[in-house]
Amino acid sequence: MLFIGFYIAITAEAMTAALAAGRRNMDWFGVCLIACVTALGGGTARDILLNHYPLVWVENPYVLLLVCGAALMTIALARIVARLKWPFLLLDALGLVVFTIIGCNIGIESGVHPIIVIVAGMITGIFGGILRDVLCNDIPLVFQGELYATVSIVTGVVYYLGLMAGVPVDLMVIISMAVGFPLRVMALAFKWEMPRFVYDREMRK
Amino acid sequence: MLFIGFYIAITAEAMTAALAAGRRNMDWFGVCLIACVTALGGGTARDILLNHYPLVWVENPYVLLLVCGAALMTIALARIVARLKWPFLLLDALGLVVFTIIGCNIGIESGVHPIIVIVAGMITGIFGGILRDVLCNDIPLVFQGELYATVSIVTGVVYYLGLMAGVPVDLMVIISMAVGFPLRVMALAFKWEMPRFVYDREMRK
Amino acid sequence: MLFIGFYIAITAEAMTAALAAGRRNMDWFGVCLIACVTALGGGTARDILLNHYPLVWVENPYVLLLVCGAALMTIALARIVARLKWPFLLLDALGLVVFTIIGCNIGIESGVHPIIVIVAGMITGIFGGILRDVLCNDIPLVFQGELYATVSIVTGVVYYLGLMAGVPVDLMVIISMAVGFPLRVMALAFKWEMPRFVYDREMRK
């Protein structure tokens, strides 16, 4: 199930990234590259930080073709894709939860401290979007108040605590998704936001 | 020949990067750092992604001195350098092709999948410029329609297919350069461009 | 002493980073992430470039809690913190020197060339601030004329040459701090600046 979820998630990430690149009038190559970075950047960052080689897409390069294919299809179907706002938000929420669980699994495999397991899940879930925003020259969206990283942390904590308590992995995957996915959807529906830190005095070093 | 090409290429990259930094009024240290990142960032990114250590400049730190020297010389000779637009474009085209071939070689050495060999060549060729643009707070140039990454991919594919077909390495280096270099120069001369994906509806997550 | 200095330095870095994030109206999560990247990004970049694993914060995740705690405290105490401009500048100067010495030690341990030892110190000292500025969508401060990287290089050179000359490590730590710290403070007090390279002709590739 995680396996299928992973492919759905990178496809959805690739498509929303392609729209972001289109809004910047990038060329087709730029669209593919932004799609790859967004869909695979989280896992890549996690693996570099944990020294977990080979990287997913180096071992299985067909995911690069899948992501570029999804990005190019988005160019062809931009008018249709743009109307599917809610389906994409749902797929993105699914991706966030699936990526988080996969990241936690890699963390557990690597034998790191529980805090780092949660961090590995969070990096997998959110880092691709941060790289997308840096390459598109935006301040990353994920810092602007949306309940996104928080959902990833909650999902990771539930998943890890469940495993520690002896619940079977398959069941914990379902439970964590059943916690994280509706949490993200409700955050979107009810516009739940993190409090912001607004500070406008100048204290430049 | 690749060896000489490599030194010519990093020197040329360092000098164009220094001009980019000068346009942002950076200080001398910033100029050197942007030059290092542009000239050596592609190879560094490739080696980190393929887990191929030690990095080129860690093993041979004199390339850092060469790059910083070229950058500082550019400051001194800015008026002259700025007039040499076409020589620099040609050196940059040479660098793109040389970097790509070197990157493909590292990929082949590391025993990765053919797709990743091409990707390793492309990352070596274009990633330095992307890092330069991110540090200078621009949307990377390489996404803005120029036939740059495409030249790198074509060069890498020709090189790899030739090697697989049993053509000797030295001959394939010459053949790939004879394909990639004029392709880039013609793209510049005739202003060939990748199609862009222009999309201006709002669909922010 | 380095040990204590390290904790003081990451706390101070976390607090100034939190103020930078607040100036961008980031949410609490963004504030914590910017604080982590600023305080720990230099050491992380150095360890990735030198293939020196596990990373500091992966091995000892409590530093993440310390950094996030310092960032959240800054939100609560923003009014007071903002008045402490000089104490923070002094702590930041201390951090720069301490980070540099720690980075040089890691470089020496890894058995790299002396030039790379100095570079490892410098990356540890300045890279966190560069990442902060990229994520906040600024051109990195460190390229804008302040004597910051230069202080790091001078400190590293003094430290390394001293060790090579056979001076005991503990004494060299004190001597390097006694050189680097006042140098940075004087640079701030007297507004010493690196010369800039101002170049406004267009020569875009």
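The chains carry the letters A, B and C, assigned in the order they are written, with residues numbered from 1 in each.
The rule is short, and it goes like this: a residue touches a chain if its C-beta (ideal position, glycine included) is under 8 Å from a C-beta of that chain, and two chains touch if they have at least 3 such contacts.
All figures in this text were calculated on a predicted structure; none of them were measured in a lab.
Asks: Which of line, ring, star, complete and other names the graph you get from chains that touch?
Replies: Shape = complete; every chain linked to every other.
Asks: Shared numbers divided by all numbers used: is that above or below half for chain A and chain C, i.e. same or different?
Replies: Different, since most residue numbers here occur in only one copy.
Asks: Can you compute the centre-to-centre distance for chain A and chain C, using the mean CA position of each chain? Integer Å is fine.
Replies: Taking the mean C-alpha position of each chain, the two centres sit 29 Å apart.
Asks: Where in chain C do residues touch two or more of the other chains?
Replies: Expected reply: 48, 134, 137, 146.
Asks: Residue numbers of chain C touching chain A in their complex, please.
Replies: Listed in rising order, the residues of chain C that touch chain A are 16, 18-19, 21-31, 33-34, 44, 48, 53-55, 57-58, 61-62, 64-65, 75, 78, 82, 85, 88-89, 92, 134-137, 141, 146.
Asks: Provide the residue numbers of chain B that touch chain A in the complex, in ascending order.
Replies: 48-51, 112-113, 115-116, 119, 130, 134, 137-140, 142-146, 149-150, 193-205
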